[in-house]
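Shared between the two complexes below is chain A, which has chain B as its partner in the first and chain C in the second.
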Partner chain A sequence: MYGFEALTFNINDGYLEAIVRGYRSGLLTAADYNNLCQCETLDDIKMHLTATEYGPYLQNEPSPLHTTTIVEKCTLKLVEEYKHMMCQATEPLSKFLEYITYGHMIDNVVLIVTGTLHERDVHELLEKCHPLGMFDSIASLAVAQNMRELYRLVLVDTPLAPYFSECITSEDLDDMNIEIMRNTLYKAYLEDFYKFCEKLGGATAEIMRDLLAFEADRRAVNITINSIGTELTRDDRKKLYSNFGLLYPYGHEELAVCEDIDQVRGAMEKYPPYQSIFAKLSYGESQMLDKAFYEEEVKRLCLAFEQQFHYGVFFAYMRLREQEIRNLMWISECVAQNQKTRVHDSVVFIF
Partner chain B sequence: MAEIESDQLQRASLDETKVKNEDEEEEECILQFLDSLDAYLTLVDSLSSSLRQGWFDLASARQSMGHTLISSKLFDHKVHSASTTINITELDADNPSDPKPQFSLSKWATTKENPSSEVPNNSNLRHRAPTSVLEDGEKSNGTQVSSVVSNDIQKERSKSLTIFGGLVSPKLRTAQVSFETALDKIVEIANARSSMLSSFSQLQLNKKSSS
Partner chain C sequence: MTGSSSWSQALVQISPYTFAAIGIAISIGVSVLGAAWGIYITGSSLIGAAIKAPRITSKNLISVIFCEAVAIYGVIVAIILQTKLESVPSSLIYAPESLRAGYAIFASGIIVGFANLVCGICVGVIGSSCALSDAQNSSLFVKILVIEIFGSALGLFGVIVGIIMSSQASWPAKAA
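The block that comes next holds the complex of A and B.
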């Protein structure tokens, strides 16, 4: 019952909420980002990060550094923190934490299947998989020829099995089918996560409803923009939108028929939260749209920490760390390419 | 006596004219060489900007789509025909000691439907902008053909990006265009260099013959 979590939440989940709030205080601040943005080389970045919580993960890396190395080591920290929380969590928090990783699992499945389609070595592909999305039989994905086999041989025993009901066909896997599979799986996952949070009720449901709705809306916009000028039909595009969110259902109707970025803007500006996002962009421009969405997401994620006794803080922390890793990747790329003047194009400050 | 003197005068004026013509030819060669050198340096600078922009756009696309999606691990190892080929023609066949190779690009050839369309362009033409693949007999249809062909090229462009997924970010498409522009510039640089080396060898020949 909403409002009474204060009586019982700390019995099972109080310790981990304290842990995650401690982790949150280790996120990089604006001062850290300012120092990083002034670095001349990747070794300078490594030196600055050594003084942060990323220190133990980067200090032994030999020069010359690569941007992918920085990203991998920073991701390792996130994975370790997640595993620490996971091994301490009880139901239903453990289930909630598992849900957070299903998105990465879907990305890993698609990576392996796409790479296999391109005749790449499975071991090379496994190295590129996100550690949070790994499962035991992931390497067996390489033997599947179509989605039915994919499901029957490998995915039936994974948490993604329930999400496959809408995309089991005997069609051979090609690049577009794989993309449709990815988005269909993600849609099913988001809807399932949403229902799970609703069942939990209370502050968790209230906060996660907002965060997941934003995620669903953002995905709808990205799918629309990325599918402009491709062979994806309007009906197929609409099928990839989630069945919840602020844009559901009327916004989705409009987005499904958009043929350029200005039409997308026209559809989105009818919704006040997204009007402010699109107000930051000039007409015909979509370059800064990602940053605008990330900024809005970060704002909402930070607000999740304002309330206590709910699971939204775990989701918010994981997403904030992922944003931080994206920031570090971007700063590293700008420094490596000697494009420091453009570094603020994509860095999203968290605090 | 007077006849001999007039003959001598005539020969002297002819010699003077000849020397003047040779000087003018030499100056023209020098100008040609300097022009081609200037064009070469401008193109190299322009290439550097295009590549820089392309790499930046690629980093932006990686930021947008995720670093696992934009990765060399997804490159297609299956054998397939090249969508873009380069043709080399030796111009100035009359002067085999001074070959002047001319490079031309055939981009986004749709070899699946029509293998003969792989090398459609006149090899004497230099391509300054992304060109359409033109077939003989269709040149008279003007803009209708070019819009159909540019749609085909767009399809080929989108198809080549599907190694990163069916729905890619517009930033990745921008990066593709930047690298395509860089490729055009590389071919122009090759032609400019060929022209520059040819002018230089002509200049050296003229100098040797005058001394």
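The block that comes next holds the complex of A and C.
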């Protein structure tokens, strides 16, 4: 019952909530990011990171470091924390934690199928997959020629199976179809996650509703902007938007007919939360849009920690970690390529 | 007793000893329920938070002690109440004085039991938040402790009223 979660939440999930809040206190702060941004080489970055929570993961790396190694070790830390929480969790928290990884599974599937299309080696692709989205039969994705085979051979045994009903066609896979498949799968996943949270009810439903609605709206805007100028028809574009969120349904109708970024801006300015995002960009510019969306997302994720006794903290923590890994990757790349002036273009401070 | 059979007659035909005994049972049983509820709410958060911040364990045991105090109130009142149970000769069991004494002990038990139940839950929830905030920022502990002290006063209110209520539970003197 909403309002009385405090009475029974701690029976099953109190320990894990306290653990995830402990993990959150280990996220890098603005002071850490300032230190990292002033590093000259990757070894300096390694030294600074060894003083933070990432210490045990990075200190044994041999000296010519690559940015991919840093990102890989940081992701390894996230995966270990996730597995620690997962093995202690009971239903329905374990189901909730699984839902968080389905997005990565979809990305991995698309990565392997695209890579196979471009004739890359399967093992090379498997190493690039995100560890949170691995499942057993993932290597056999390389064999499929079209979506129906993809589904029948591999995906029917995975948790992604119910998301495929809308996008099974017998067409051969090519770049355009794969992107449409990715977005259709993601749409089905977000709607399924949304329904699951609504079923959980209480504070979890309220907080996750807000976070997932923002995610759905952000994806709608990105799909619109990325499909301007491509062959994607308006109806196809509209089919990729999720059935919930602040923009549903009227915002989607406006976004479906947009032909350039200023029209997108005009459509979004009717919604106060997104108007403030678009106000940060000057006319005609879209590079900073990603960063503006990330900043807004981080703000909302931090707010999820203000309330106790709900599952939103787990989702928020995973997302904040991913943002931190993105920040570290950007900083490492800037330092490695000697472009330190551009460091602050894309780093989003969390605290 | 006469042969009429309305519900009001049903109540006064239950022995006052029944009411008194149930009151004593509720006083201790429900108080311990409240204390246990509060302790597990606080304890699970405290254990998880202490992994990252081990310094909080000894200070935050105060929350657990406040919850435990609630159970002790229940025990004390139950012991006091059971000393109030006296035997009366069978002709006087349903006399108004006896009924009054039985109801007074019953009411006292309910007061103490339910006041301690909500007090235990209240202190437990606050203790859980206290542990989690102390792990992040140690200056918050004393401030949240003040809230817990106010919460634990609720149990005391129940005990005071319960004892006053039971002190005037006097069974009729033996018939001359």
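Just so we're on the same page, the second predicted complex is superposed on the first by the 351 of 351 C-alpha atoms of A that agree within 3 Å, B and C clash if a C-alpha of one lies under 4 Å from a C-alpha of the other, contacts with A are read in each partner's own complex, and residues count from 1 in each chain.
Here is the rule we go by: contacts are C-beta pairs under 8 Å (C-beta built on N, C-alpha and C of every residue); 3 or more make two chains touch, one makes a residue touch a chain.
Bear in mind the structure is a predicted one, so any value in this text is a computation, not a measurement.
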Partners on chain A (chain B, chain C) - clash or fit
fit
After superposition on the shared chain, which partner residues are touched by A:H130: those of chain B (first), chain C (second), both, or neither?
first
So in the superposed three-chain picture, is A:T68 touching just chain B, just chain C, both, or none of them (first/second/both/neither)?
first
Contacts for A:L16 in the overlay, against chain B (first) and chain C (second): which applies, first, second, both or neither?
second
Can you pull out the angle centred on chain A between the C-alpha centres of chain B and chain C, to the nearest 10°?
160
Looking at the overlay, what does A:P56 touch: chain B (first), chain C (second), both, or neither?
neither
Touched partner set for A:G26, first chain B, second chain C, both or neither
second
Which partner does A:G201 contact after superposing on A: first (chain B), second (chain C), both, neither?
neither
Residues of chain A touched: more by chain B or chain C?
B
Min C-alpha distance, chain B to chain C, superposed, in Å, is 31
Once the complexes are superposed, what residues of chain A are shared between the chain B interface and the chain C interface?
none
Residue ranges of chain A touching chain C (in the complex, touch as defined):
6-7, 10-11, 14-19, 21-23, 25-26, 308
Going by the contact rule at the top, pick out the chain B residues touching chain A in the complex.
52, 55-56, 59-60, 62-64, 66-69, 71, 73-78, 154, 158, 162-163, 165-171
Per the touch rule above, chain A residues touching chain B in the complex are 68, 71, 107, 110-111, 114-115, 118-120, 124-125, 127-130, 175-180, 182-183, 222-223, 225-232, 286-287, 290, 326, 329-330, 333-334, 337, 339, 342, 345-346
Per the contact definition, I'd like the list of chain C residues that touch chain A in the complex.
37, 40-41, 44-49, 51-53, 121, 125, 128-129, 131-132, 135-136
